Amino acid sequence: MIMTDIRWFKYSSPQTFYPLAGTLAPWFSAAAALLAIAGLYISFFMAPTDFQQGEAYRIIFIHVPAAWMSMFLYLVMAVWAAIGLAWNTRLSSMMACAIAPTGAIMTFIALWTGALWGKPMWGAWWVWDARLTSELILLFLYLGFMFLHAAIDDPRRADRAAAVIAIVGAINVPIIYFSVKWWNTLHQGASVSLMRSPSMAATMLLGMLVMALAFWMYSIAVILMRVRCVIIERERHADWIKAPGALE
Amino acid sequence: MSAPGLLDSVVAVVARDLRIALRRRADVMTSLIFFVIVVSLFPLGVGADPVLLRTLGPGVVWVAALLACMLALARLFANDYADGTLEQMVLAPQPLALLVLAKTAAHWLTTGLPLVIVAPLLGVQFDLDADALLILLASLLLGTPTLSLIGGIGAALTLGLRGGGALLALLVLPLYIPVLIFGAGAVEASAAALGAGAHLSLLAALLLGSLVFAPWATALALRIAIE
Amino acid sequence: MNWGSLSAFIEMGGYGGYVWGSFGVTAVCFVLEAAAVAARRRSLLRERRELD
Amino acid sequence: MLEVSKLECARGERLLFRDLNFVLEAGTLLEVRGANGSGKTSLLRMLCGFLQPAAGEISWRGKTVNAGNEEYRSELAYLGHHNALKDELTPLENLRYALRLSGIGATDTRLQEALEWAGLRERRHQSCATLSQGQRRRVSLARIKLSPSRRFWILDEPFTALDVAAVERTRDLVAAHLAGGGMAALTTHQEVPIPAPATQRVELSA
Amino acid sequence: MSAPGLLDSVVAVVARDLRIALRRRADVMTSLIFFVIVVSLFPLGVGADPVLLRTLGPGVVWVAALLACMLALARLFANDYADGTLEQMVLAPQPLALLVLAKTAAHWLTTGLPLVIVAPLLGVQFDLDADALLILLASLLLGTPTLSLIGGIGAALTLGLRGGGALLALLVLPLYIPVLIFGAGAVEASAAALGAGAHLSLLAALLLGSLVFAPWATALALRIAIE
Amino acid sequence: MLEVSKLECARGERLLFRDLNFVLEAGTLLEVRGANGSGKTSLLRMLCGFLQPAAGEISWRGKTVNAGNEEYRSELAYLGHHNALKDELTPLENLRYALRLSGIGATDTRLQEALEWAGLRERRHQSCATLSQGQRRRVSLARIKLSPSRRFWILDEPFTALDVAAVERTRDLVAAHLAGGGMAALTTHQEVPIPAPATQRVELSA
């Protein structure tokens, strides 16, 4: 997204971004599919069994990428929302809107896979540790953004209101993380530590990275597709969109 | 008034309220999420010790369900009162208590039932076992309609009083206490292998009692409110 | 190659439920999300056609 | 048909009016007049049965008007200061539910016609929250229009927020209802003469 | 605008809100009584074991305080919005953030402060000792204004949205968590003889941060709301 | 003084008006006319700065009207559809706080006079919740009456709910303000001719 010349402005209008997103999305989808296949191969057929956790540790190959994406997407969403609020650019607010559901899904996946991992490892689906708790709260922040947006009928007003909560949330996420961490360590020691042999660390890291890339590509693809829908909904009455063939 | 006309009015009230809820889906969801958040706040307040949390579980879930129901109550008549539809309801030739029952039913379907459905998930966060979860579900299923019915009286009484929310809480919470005690008690009794049957039948009795009594009292309160 | 047989692959050393529960739900989420976006687009296009 | 005798109204510690007597028969328009705060709204709400008279009686076909009088309520249509619209619903839905609630059957075509009459055909699928003041009033009036089977219309300032054309249409609506043997009680501060078989005026002066 | 005029406006806002609260004394009382009831409900839900209750005490009091504050938030701007005084406030030549601060201050004085004052009494019910009570008092004194300030943002954002109560909770409760953790943590730390200093200074830091940031965000949200 | 150029207003997906241009000088009355839902209220709210124009500009003494323009706000008095009264307070208290909030000083005698003007002397210690529709409107108008120092009055349907005498008094109030070099923007559906040094009409048609 870093373009220093005037084209930056050009693509910041929904009208020009719409076809661009349409061209890019298939490429990102294809990349996501290829990387996912590679990542799954590494996860299941290259990475050896963990001598402590058995096969259960393979969950890491989706858990960690999902957790990363969940946090990163929130940040991206907040930045887009803030830009929309500050400069009243329509496209940035639409981007924020399009990111939120994907971010929420990533958060859900991180929670779900974490819970499924936690049961065999810790004997409980859920413990109140810093990372888990702040991930749960992140989900609430995403939902807050989405529901606030949905509760306001006028989309422009909804954009601006939701932007406020996105920004406030972004400031709070680190505060929440550290407060929960501190709170937790006052009560009990960290209960998670993944033991792994150095030899497998390399394949594992590779698998995680490939899967993370696949998640990246998937997110970009689905967000581009969604932003196209948002553009149609919002610009329904604009002249350019009424032109024949504009929606291709 | 003929019986079909009567039924049609009741159906119209339920259908309208469900449609409004559908249109404001976020509303329904948020009362649910409030429930989830409050349940999650408690471990943050009291610490993360799993053994402690297991004993707290049923109580916390019940207290949170009760608060969520109570919060949603403010919506039961307040909007109707503010926009004048309540006056039209009072003017309808049908018995007001029946229309009140219809509204309460719609309210429970959109606020109570979702709570009941997610409660087991929250129970898992507190490490409750399958049996306890089942009893929790049953107790909520019997208890939450009572909360909506009783709450209706309070909601009607506080109509039009500014800042009625807190006053509502004050009126309604004492009436909720028996439900809370039997509800949380049922789960604890089953955990202690004492059998939850007695608690559950008491909950059922409360439900029956409030089904008969509450709509009538609510209707009376509504008439006073619009005076 | 880690797996002697298909059943071993499915069993995941006794953790099959957890591992496949994770990967499965993740896959379902992605598929549903993509499908939802596609459906949204289809209905928008249909609405558009009806308008014309 | 409607008999009001020795009616007295007190709000707070203030006596608004006393010893009010009148009888309304089919085709009669009751025009309630008076300065701001003289008790017009209070009188109409008493006629609806919302407010208890401090003294005196209101009766309909010989039976006292009170919470138990369901027969009276099934002959009543009321338009208050509030429009009785759900913001979340569209004008069409609002009308449909309001009529079903009060037990008045109306086909979709009739609903559409009433909205057409109110000049809201284009907005029938737009949520009521986004309508202007006057448009909201018109939806309410469409509900009244669809209640010709209700004998007695009680209209509290029906013309507020309406533009000139809408005021005229509303006036004609009420006139037609009266001509058809209906009855209406009405307050307004605007000078809108309504042709009626018989008109009864009540002047309140606080 | 001259400085005295500015001060006068701020004083007028605070004075008006206090007077309204005085006239609706029941309101102030009810938010307080809600607090008391929730704290007292809790033992009913989880059983009356004194050792258990002592560990729970600070957490429960804090969670209840947080919920009471949150419930009262709905009143912060809703009435002003409905009756049009909010528009007049936005139109006033004074900086809106300052007027928001004044309103928040009045709100805290009428809802937060009473909670702080009765909290020690409730702590006694949970058998907390004198030291712990003192820390509880201090933590609430530092924490509740932060709750009002942050809550103001949520209250402003949900203005005019039907069913705003639950949405407000959803927006605000996640943001309240640090306050809850440091607040309840302070009391627990002092009970564990670890010293509550660190927790209290973090609470103070949160308060300062929100004093600077929250009124500004709230003002922004209010402008959006009246659009 | 107030310059509006190429103003465009869109609500939801609907374009209400576009390319609206006018200039208001001292002593000018702006009469906004139009059917229900044509965008009168929206226009006035834009003039207040509540609503963002979809396009075009509003400027006061050469400076754009927006959230940062505090100077403009200190020359403005606004009466909306809502009366901006606190139900819990009496008319006297309501006036006092409203004026202090907007930085207008007024002695108690002047407040009393304004209430007298509004015909509410007897009710000045009664809580506003118990006033009738019209009486509440009058309290709001008393606030406007006490803001002669505000150059520009924006009045959205000031005459609703008022009885005939009150309408006349309000008309005279606006006329006097204009004669004294003030400016006013006003909407109404009633025919109330207001004498003014200069009148500018905007007809909106959606």
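Residue numbering begins at 1 within each chain, and the chains themselves are lettered A, B, C, D, E and F in the order written.
The definition used in the following text is that a residue touches a chain if its C-beta (ideal position, glycine included) is under 8 Å from a C-beta of that chain, and two chains touch if they have at least 3 such contacts.
Everything quoted here is computed from the prediction, not taken from an experiment.
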{"item": "Both-way neighbours, i.e. chains that touch subunit F and touch subunit C", "value": "A"}
{"item": "Shortest contact path, subunit C to subunit E, counted in steps", "value": "2"}
{"item": "Copies subunit E and subunit B - interface residue numbers shared by over half, same or different", "value": "same"}
{"item": "Among all chain pairs, the one with the most C-beta contacts", "value": "B-E"}
{"item": "Between subunit F and subunit B, distance of the C-alpha-averaged centres to the nearest whole Å", "value": "45"}
{"item": "Subunit B and subunit E, separation of their C-alpha mean positions in angstrom", "value": "26"}
{"item": "CA centroid of subunit B to CA centroid of subunit C, Å", "value": "36"}
{"item": "Whole-Å gap separating subunit C and subunit D, where each centre is the average of the chain's CA atoms", "value": "58"}
{"item": "Residue list for subunit D, restricted to those that touch at least two other chains", "value": "81, 87-88, 127, 130"}
{"item": "Touching two or more other chains - residues of subunit B", "value": "24, 26-27, 30, 33, 37, 44, 47, 79, 162"}
{"item": "Residue numbers of subunit C (touch at least two other chains)", "value": "none"}
{"item": "Those chain pairs that satisfy the touch definition", "value": "A-B, A-C, A-D, A-E, A-F, B-D, B-E, D-F, E-F"}
{"item": "Subunit B residues touching subunit E - in the complex, by the definition given at the top", "value": "24, 26-27, 30-31, 33-34, 37-38, 41-42, 44-47, 52, 55-56, 58-60, 62-63, 66-68, 71-72, 74-75, 79, 161-163, 165-167, 169-170, 173-174, 177, 180-181, 184, 188"}
{"item": "Interface residues, subunit A side, partner subunit D - complex", "value": "153"}
{"item": "Subunit A residues touching subunit C - in the complex, by the definition given at the top", "value": "44-45, 47-49, 54-56, 58-59, 62-63, 66, 101-102, 105, 108-109, 112-113, 116-117, 119-120, 218, 222, 225-226, 228-229, 232-233, 247"}
{"item": "Sites on subunit F touched by subunit D in the complex", "value": "11-12, 34-38, 41, 81, 119, 123, 126, 130-135, 137-138, 157, 160-167, 189-190"}
{"item": "Complex interface listing, subunit D residues touching subunit A", "value": "127, 129-130"}
